[in-house]
Amino acid sequence: MSVRARVLIDCDDEKGLVYKISKLFFDKNLNIESNQEFVDSQTNRFFMRTVVTGEFDPSLLQKELIAVLSNNANIKVIMPQKKKIVIMATKESHALGDILIRHQDDELDAEIIAVVANHDTLQQLVRRFDIPFFHVSAEGISREEHEEIVINLLKGFEFDYIVLAKYMRILTSNFVSNFMGKIINIHHSFLPAFIGANPYKQAFERGVKIIGATAHFVTNDLDEGPIISQDVIPVNHRFDWMDMQRAGRDVEKIVLSRALNLVLSDRIFVNGNKTIVF
Amino acid sequence: MSVRARVLIDCDDEKGLVYKISKLFFDKNLNIESNQEFVDSQTNRFFMRTVVTGEFDPSLLQKELIAVLSNNANIKVIMPQKKKIVIMATKESHALGDILIRHQDDELDAEIIAVVANHDTLQQLVRRFDIPFFHVSAEGISREEHEEIVINLLKGFEFDYIVLAKYMRILTSNFVSNFMGKIINIHHSFLPAFIGANPYKQAFERGVKIIGATAHFVTNDLDEGPIISQDVIPVNHRFDWMDMQRAGRDVEKIVLSRALNLVLSDRIFVNGNKTIVF
Amino acid sequence: MSVRARVLIDCDDEKGLVYKISKLFFDKNLNIESNQEFVDSQTNRFFMRTVVTGEFDPSLLQKELIAVLSNNANIKVIMPQKKKIVIMATKESHALGDILIRHQDDELDAEIIAVVANHDTLQQLVRRFDIPFFHVSAEGISREEHEEIVINLLKGFEFDYIVLAKYMRILTSNFVSNFMGKIINIHHSFLPAFIGANPYKQAFERGVKIIGATAHFVTNDLDEGPIISQDVIPVNHRFDWMDMQRAGRDVEKIVLSRALNLVLSDRIFVNGNKTIVF
Amino acid sequence: MSVRARVLIDCDDEKGLVYKISKLFFDKNLNIESNQEFVDSQTNRFFMRTVVTGEFDPSLLQKELIAVLSNNANIKVIMPQKKKIVIMATKESHALGDILIRHQDDELDAEIIAVVANHDTLQQLVRRFDIPFFHVSAEGISREEHEEIVINLLKGFEFDYIVLAKYMRILTSNFVSNFMGKIINIHHSFLPAFIGANPYKQAFERGVKIIGATAHFVTNDLDEGPIISQDVIPVNHRFDWMDMQRAGRDVEKIVLSRALNLVLSDRIFVNGNKTIVF
């Protein structure tokens, strides 16, 4: 029976890599449907995403690739299937709502396991879509205590990614290290960006003509992880800061959904603090 | 004989302003070709740009407007004619070249009086267009001495605006205060932005997916004046930092030319550290 | 008690118009919060949108404006309040879903009276938001019979606008003339555009690098009414036609929501087959 | 001595293609600097662009690739060097000027052999850059006679591409077939587009909110060849048709230069009536 798999390889570059890999595919009688490669000449790192079809056992293919490649290679053979995501949010619904509608439309290649929020504002919206909603209030407890509850809740689920859909609390490095490489955030601006409490107010005070948004993986510093996607929207002097915020919400939800689609289709490689987007 | 003029008014807002102004236009039998107004509700400042036609004496109209409006009003009655600009540059020719071509095409509503540069690299290009080129080397002299020569040179010209077309030297507040409100700069990035020596290298290291440029008036802090225009261009992981610089050059020249057209057609009001773009 | 109103004026241009209108505002002690004007020099038509505040009776103000202006003036004095909209759809949910989420977020300045669809596919989604859903099947009846049912249904509602959120049936001129100037459509492409059954397939066959969408008022010819908003999204050779359709859906929903916001805030004037966007 | 070459392969897809090609590279001890592949699943055609370095004879490599691949393969091994271009123009200088400035900046990977125009308007501009200018007037002669002169002139040059930088005459299929696959045009609009005499006037009459441009290869039908690049620029109701034309010129020159850079770096494959852009 013919199967299709995405082969993701990330290893030190060396002469003959493509030959070795394509020989294995050829020997196993696999068909290459699409193939993209990139070599980072600074770090001498090789990245490859290939879609293969044929009659093969994916876990065996992975073992054979490991045998052929050097020790420090990351190799994944992924059968296309819905990934499982958990969404974290606070009170704003624009980013969450866009994901819920795409999920309902079957346009998001993911199953939403749960929405976890530190307020109950979004409960009604989430319930409308028959998705479990968990309210973990941060009232009266320390950041560490709150995160502990959330971490334990999350560890009770089986999931691939955590999507921060305007989750407005700063994550500790302890939280991040529990889910390293699995957390996707939408940042309200370009990076570098206005820092601090009300970035749209700062953008308004500065009289900017364009507002942006950045989707990125979360590393220990909340707004400094590898960038997945960015976009902008024009604004003008007639916009007060609430108009800017509204414009910002539109570009935030678009950029987050675009980033999510890229991640869910395994098109993103993390390369140090940067991404490769195939 | 019928004339056309741009009337620019910038004053404290008060009830009846539009009435008073339009009554004057009506009494003088003027035709309003276009009209744009804006009130900044934070600063309570009123801005108006009107194009009028009719038989009138522009300087008399200005006096009559002054008589009608309050003391702190800025009033200009401008006959559309080519403004005079001086361009300052260093070694890069993309922004300068774009202006020269538009000038040659008669698409820039300006006369280029001179190009002043701290290197002689661009001399040949400028001479091709029969425009005076002045090389003021900064070799072996202090910043203040160099600026003194440039200021004296500039004061010998009659001009409306100085366009910094990738002029790569930092201007002192002494220089800026000599030409306050007359200096237009193109900044290699969004504001806020990567600060320091090689912004495109920083953008490359950070793995950004979009590169921007900002045209602004220069105030005492070189990169912090009122923003006139901004735009972006997409980049990706295949761009090395020189590719990013090339992409940056394209967006720089487009944004600078767009800003210049807005300024030359008197569509920009400066409102504190922001601009109104009519 | 102070009230705020949007004054919309659309009349033949003549000398002194702004004077007459602003005199009335001044005599009634009204404050002008914002004001935009435009004269179409081809048709000699004047357009004005002013936001005034003060103590006044809106309907009286309208009568006074009528008295002051010429006979062929259209004058509206509108108190900002949620407009009522009916949405028509077929099977696709992206445009509808985006509107529903904005409605739930209270980000849409409108009340959704009902969703009317010619299939029942979207019933569950609409019901999730506690909004009345009406399924009017077109099975086994003529276009005219189907429209007759829909028209009667619509006439039972009180509404300001009909939003065609990917309503995939062609409207007869009879339908359109029943609701002239009240129907907003999202078109799957730029105008001019690929015509016929599957425009994304045509775009794919043609190898376009950009896909667009156009929101417009519906006149007798479905895709030829005054354009309100347009935007694009880049595509490339790796997109099959279904990828193009997905990209198209994103730009469609963004453009429709943008157009809807402009209409709901009374920023659109129809000027022959064009729009003025204030 | 190490050399670098771009290997371009375009052939029927079959199992083992990448293996065969990479085996040859490996056997010859070549290094793969970058590699992009695409399979058109509709036409079953395989496209590959690889940059290789190593000690090898490019023409021998080409022969070896021919021996390895099937009969219907197109194989090119290209040493990166400036390509030779001829520019054809009429009266407008925006697209030509942008290319001349980039050429002067050494930012265009091309040598401009000559500019050929059917008017002498641009002679002075071209001469400023010390580039040969040929005026071939079409006055008083038939289209065929005029083209005959131009074709003979062109055949006297050695060049890789003809760039139509707003050349405003329709080319006959005889002209095109003389230089098939070598002619790049900038079209004043999106395709599909307003057809006929004054497209910007048509765009103005239609009240569009966005104006686009399309760069494409010329096939027998002037505006229907494979699209290389497209982009847009926003316009609004304040633009008269000459403003639209000015905006159009900006997007035309940007899109043409972008397309030219892609062609000069051998990143474009023609695939039927579409392009692959690597």
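Chains: A, B, C and D, in written order; residue numbering restarts at 1 for each.
Here, a contact is a pair of C-beta atoms (placed from the backbone, for glycine too) under 8 Å apart; a residue touches a chain by one contact, two chains touch by 3 or more.
Values in this document were obtained by computation on a predicted structure and should not be read as measured data.
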{"item": "Lowest number of touching-chain links that must be crossed from subunit B to subunit D", "value": "1"}
{"item": "Chain located farthest away, centre of subunit D as origin (C-alpha)", "value": "C"}
{"item": "Copy-to-copy rotation for subunit C and subunit D - C-alpha atoms, rounded to a multiple of 5°", "value": "180"}
{"item": "Comparison of A-C and A-B by number of C-beta pairs in contact, larger one", "value": "A-B"}
{"item": "Homomeric contact subunit A-subunit D: same or different residue positions, threshold half", "value": "same"}
{"item": "Centroid spacing, where centroids are CA-atom means, of subunit A and subunit B in whole angstrom", "value": "41"}
{"item": "Chain centre separation in whole Å, for subunit C relative to subunit A (CA means)", "value": "35"}
{"item": "Multi-chain contact sites of subunit C, meaning residues that touch two or more partners", "value": "34, 38, 41, 238"}
{"item": "Of subunit A, residues touching subunit C in the complex", "value": "34, 93-94, 97-98, 100-101, 104-105, 107, 125, 128-129, 238, 246, 249-250, 254, 257"}
{"item": "Subunit D - residues contacting subunit C, complex", "value": "38, 41, 190-194, 205-210, 212, 226-232, 236-238, 240, 271, 273-277"}
{"item": "In the complex, subunit C residues that touch subunit B", "value": "15-19, 22-23, 25-26, 29-39, 41, 234"}
